[in-house]
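Residue numbering begins at 1 within each chain, and the chains themselves are lettered A, B, C and D in the order written.
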Amino acid sequence: MTTFDVHVIIENKPGISDPEGETILHDLVLKGNHSAVSKIKTAKMLKFTIKEKDKKSAKITVQKICDELRIYNPMVSKVTIDVFDA
Amino acid sequence: MTTFDVHVIIENKPGISDPEGETILHDLVLKGNHSAVSKIKTAKMLKFTIKEKDKKSAKITVQKICDELRIYNPMVSKVTIDVFDA
Amino acid sequence: MKVGVVVFPGSNCDRDMYHVLTDVFKFNAEYFWHEKGLPKNIDAVILPGGFSYGDRLRSGAIAAHSPIIADVRKMAEKGIPILGVCNGFQILVEAGLLPGALLKNTSLNFMCGWTNLIVENNKTPFTNKLKLNQKIPIPIANGEGRYYVDNETLKKLKKNNQIVFRYSEIVNGSTDRIAGVCNESGNVVGMMPHPERAAESAINPIDNKPSSLIFESLLDTIGVTN
Amino acid sequence: MSLEPQELDDLTSKIGRKPTSTELQIVAAEWSEHCSYKSSKKHLKMLPMKGRLVISEKGYDSGVLDVGDGYVITAHIESHNHPSAVEPYGGAATGVGGVIRDILSAGTRPIAIFDGLRFGDIEKDLQARWLFKNAVTGIADYGNCLGIPTIGGEVEFDECYSNYALVDVAAIGFGKKKNLIKNHAKKGNIVVLLGGSTGRDGIGGSQFASDSLESENRSAVQIPDPFIEKLIIEAILEARDQHLINAMKDLGGGGLSCAVSETADALSIGIEMDVDKVHTRESDMSPEEIMVSESQERMLIVTTDEKLKKLQIICKKFRIACSVIGHVTTNNMMHVKKGKKTCANLPTDVVANAKLLDRPSKKPAYLETIEQEKKLKPVSDYSKMMLKFLASPNIASKIWVYGQYDHEVGIRTVVKPGKDASVLRLDNGKFLSAKIDGNPKHCYINPREGAIGCFEEACRNVVCTGAKPIGMLDHLQFGNPENPEIFWTFLESLKGLTDFAKYFEIPCVGGKVSLYNETPSGPIKPTPLIGILGLIEKTPISSQIISPGDSLMIIGDTKDEMGGSEYFEYIHKFIGGKCPVVNFKESKSNMNIVLELVKNELLKAAHDCSKGGLAVAISELCMTHKIGCKVSLDKVPGPKLDVDRVLFSESHSRYLLVFEKKNLKKLEDILKKDKISYSVLGKFGGENILFSKSSKPIIDLRVDKAQKTWFNSLRELVVHG
C-alpha cells in the first residue's frame, strides 16, 4: 500500500453562474486595473490523503467516495480528480 | 499575447487547523467506512483566465494580483499557483 | 398527534420550533437526536433550521447522511407530513427527498431580514389553510438559500404543482423566485424562510396570521385523525 | 514571552528559588497586562459594582443580574483587537467565541451578541476596508452558526485606527437563578478539559495583546471553529441540568495557565495536573506550549469521579473530546507535571496575582489647545451637504452589517437592530433592552466628559425603548499605559464613568481593559465603550406607523458643543472645539420623563439624538418610517446658535418624541410638572424632510432619495469601492 495525495476539485457545471468568481473579477481585479484577466471561476478543493495499492485505484476509490457520499451535488457541480504521489 | 489558465489554490498554512476538513473526514468519510482515507484538507481554488506573453509572466501577474488585492491573508494561508495552456 | 423535531449537531432553531409548536399551537412535540430512530406513532416530522455540522462541505450535506434520515425517508414514503425549514430544507434536498440544490446567495453574504412569500400551492399539509397567492410576511436568515433547479426539473415542478412558495420579489437569485417546494406527493415540504419566527404577535406585531396558518394547516391535517 | 527583570526578581523571591522554564511561561502569561490588569486593577475598584439586582459569586467572568421571578441575566464584554488587526476574520470570530464562553461559565445560555467595530478611514484606505469587511464576516459566520442572535452594535471609522482594528464583543446570557453554577471544589475532585484540542495556534496571545502591534510578533493567529463551540454550549448546558459541574471556567487569554491558576486561587484550592493528559492537536508540544496555548473552544470543569461517567456520555453524544487532566488538592499549589516529572509547582496566589502597578499620569499637552475652534468655511448648500453627510460611513445606515447577522434566531428579538437599542423578550414576561456605545472623537477632546457621554448615550438608547438602565459594562481601550499622558486619559475616563454610575445608581457588572492599542503611527484615541442593560417590566414601546399629522417634539437643550462632532470632523476636517458635557441633573430628569411618557403610552416612537446631531436624528426617524417632516429650527430649546450648530451639535440628554397630536396636552402636563426643557418642532407628513429657520428653508430633501442614499451607501462603498 502506498500513500497518495488526491485532489478533488468541485466546481459549478458550465452554465451555472458563479457570483463569487464574478465579484472577485469585477469588484477587485478589474477595479485594480488588471485588465489582462478576462475571467475568474471559483472552485472548492478537497485534498485527500489515502492509502491504496496504486494511483489508479486511489482515483477510483476517491471517485466512489465522492459519488456515494455526495461530496458534490451532481445537479450543479462536477468534480475533477487528480492523484499525486504523497 | 497568449491566453493561460492559472489555478490559484489557497489553503491554511501547515500547522494551522482546518476544522472543515476534519469534519468532512470524521463525520462523513470515516462514518461511511472509508478507512483508507487518513486526512482531508480543504482549500479554495480560483481559476483565472489571463492573457500574458508567457507562462512565467502569467504566474507573476496572478501572484501580484493575489497579494495586492488581499485575495488571501498571508498570515493564515498559503497560495500555490499553477499555469496551464488555455 | 405527535410532531417530531429532529435535532442534528449544530441545529439551532430546534428550540424555537419546539416553542412555537408546543407553547403557541399546543402540539405534542418531541425532540429526536439525529442518531435515534423515529417511533412509528409519529404524525409529522419537522427538520428545523441551523448549521448542522457547521455547514461544512455544503449546508445540509453531512446531516443528510445521519442515521435518522433513513426513518425520515420511510415516513415520507408513507405520506406523513414532513417540513424542512432553512437548514432542514437543505438537508431534505441533500438527502434527495426534495429536488434541486441550494447555492450561495448572489450577494455572497448571509442575509437576515424580512421578506414576503406568495403561496403557490395550498394543497400541502402545511399550506391547506392558506389562500392561493396569499402574502406571508416572514424572515429569512441564510447564506446558502439560492434555490436552483435546471430547466427540465423546473418544468416538472411546475407541472406537478411542486412549487409551494415564491418570494414576492427577487431576494437571492433563486430560480423562478422559488422559496419552497414539495415532493411529488406533496407531503414533504421544504422552505428557506422561517415560519416559526413570524407566528407570534410579539415578534411580528403587524401580521402574524399568515405564518400562523402554516402551523394551523398542520394542526388541521394531523389533528383530525386523532 | 518573557517577564520584566524586576518581575523575575519578584517571582524568584516569592518562591524562594529560580523558576523553571515552564513556570516562567506560565507566569509570563498570567502576569501579562491582558490577564493580570496590573496597570488598571487598583483603579478599577473605584467603579460601583454592587446594586440591588447584582448577584456576585466567586470565580465568575460575567456579571449577573436578577431580573425577577427566579431568572437572571448575565453579561460580559471583551475585545479582540490585536488578533483582528492581523487576521480580521479569525480574530473577530474568535472574539465572539471567547465572550460567549464567559457567559456559559456562569451556567447561563447565551442569548445575544453585540459588536462594536472600529477601523481606519474606509473611504480612502483599502486596508481598512479589507479589515472591516472580513471582521464583519467573521462575526457573522461565528454568531450565526452558534444560533445566538447578534442584535446590536456600532461601527465607526476614524483615522486613528488606520492599520488597526478595534473589535469589541459583548454577550448576554439568560437562565434560572437556581441553575447558576456555584463554583466550589474540594480535595479529590477531578479537573476536566473539554472541547477542541490544544494546538500551537494562539501561543503567546495574551502577551501579544499587551504589546503594541509590530509585524514581527504577528504570530498569534487563531482559527475559529463555531461548530465545536455550539456543541460545547449544548453539552455544558446538558451537564448543568444534570448537576455535573462543581466549578467551571472558560479558557481564554493565557490558556490553561490562567484557567488553572485562577480557578485554584478563586476557590482556595490547589490543582495538580498532567500535560500528557491534555488532548493535543500536534504530538510534539512542550509542556510550556500546552500551558500557554490559546486554542479556542475549550472549557475547564471541576467535577467528581461519580459524575464523570455522565459527563463523558454527554461529551460523546456531542462528539467533543474531554480529558481528565488533573485533580484538586488542598495545598494551594498549581502543580504541573508531565507524566511523573514536575514541570511547575507554584503557589496559586503568586501566579494569579501579579504585582499591581501605580503608573504615573500627566495631563496630555495637546489638551491645552484642543478646545480652540478655527474659522470654518461656511456651507453654501445644506441640502447637498446633508445628502453627502447621510452617505458618510459613520452616519450611513449599518444595515450592510446587521443584515449579515442572524438577529432573529432564538425568537426573542422584539425590537430589531436598526433603531436605538434592541429588545429581547424574557421568559418571565419582562423585556431586556441593550446597546453599546463609544465615541472616541469626543473622548479625544475630553476623556472625562467623552466617557460620560458614551455612558449617557447608551442609557438614552435603552430609555428610548422604555427600559430603565439596570447595569453597565465598560470596556476601556487605550494606548500604552507606560506613557503618563495616555494613562491620564485612562484615569479621567474611569473617574467620569464612576461619577456617572454612582449618581445614577447603575452598577458596573463587568468590564475589560485593553491597553497597548498602538501602531507604528501612534496610539488610538481613548476609546471607552459602554454597554447598558435595561429592563422593561411590562411592554416595550411598540413598533407603530407614523402617520401624517403626527407631531415631533424634542426634549433637552441644544448647546454650542461642536468639538468632536461628525460635522466638524467629516464636513470640515477639523478636530477641536468643546465637546458635549452631560449635566447629570438634567440627564436624570430627561431620562425619567421619557420613561414615564412611554409607560403612559403617550408615544408612537422615541429616538435619541446623537452622532450627527438633530438633523441626522430627525432624518433617521423620517427615513426609517418613510415619511416626511416639516421642522422649524426656531423652536429648538437652548441658547441662540448659528444654524449649523443647531443642526449638528451633538449635545447629550436630548430625545426626539413622536406622538399623536391629540396627546399633546397630556404630554405637556407631565413635562411641565418636571420643568423639562422641550419644544414641539414640527409635524410629520409629505415626501420631504424640511428644516426651516424664520420660514426660510435650510434643508429640503426627498425622503425616498435620502433613504436610498443612507441605506445603501455603506454597502456600495464596501462591496464596489
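In this section, a contact is a pair of C-beta atoms (placed from the backbone, for glycine too) under 8 Å apart; a residue touches a chain by one contact, two chains touch by 3 or more.
Since this is a predicted model, take the numbers as computed values, not measurements.
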item	value
Each chain counted as touching chain C and chain D at once	A, B
Pair sharing more residue contacts (C-beta pairs) when A-D is set against A-C	A-C
Chain A and chain D, separation of their C-alpha mean positions in angstrom	41
Approximate Å spacing (C-alpha centroids) for the pair chain A, chain C	30
Distance between the centres, which are taken as Cα means, of chain B and chain A, whole angstrom	9
Interchain centroid distance [CA atoms averaged], chain B/chain D, Å	37
Where chain D touches two or more other chains, by residue	225, 227, 319
Multi-chain contact residues (two or more partners), chain A	23, 69, 71
Multi-chain contact sites of chain C, meaning residues that touch two or more partners	9, 53-54, 56-57, 61, 65
Topology of the chain contact graph, where touching chains are joined (line, ring, star, complete, other)	complete
Chain A residues within the chain D interface of the complex	23, 27, 31
Chain A to chain C touching residues, read off their complex	16-17, 19-20, 23, 69-71, 73, 75-76
Residues of chain C defined as touching chain A within the complex	57-58, 61, 64-65, 94, 100-101, 103-104, 106, 108, 148-150, 153, 173
Footprint of chain B on chain C - complex, ascending	9, 53-54, 56-57, 61-62, 65
Of all residues in chain B, those that touch chain A in their complex	3, 9, 11, 21, 24, 28-29, 32, 34, 36-52, 61, 65, 68-69, 71
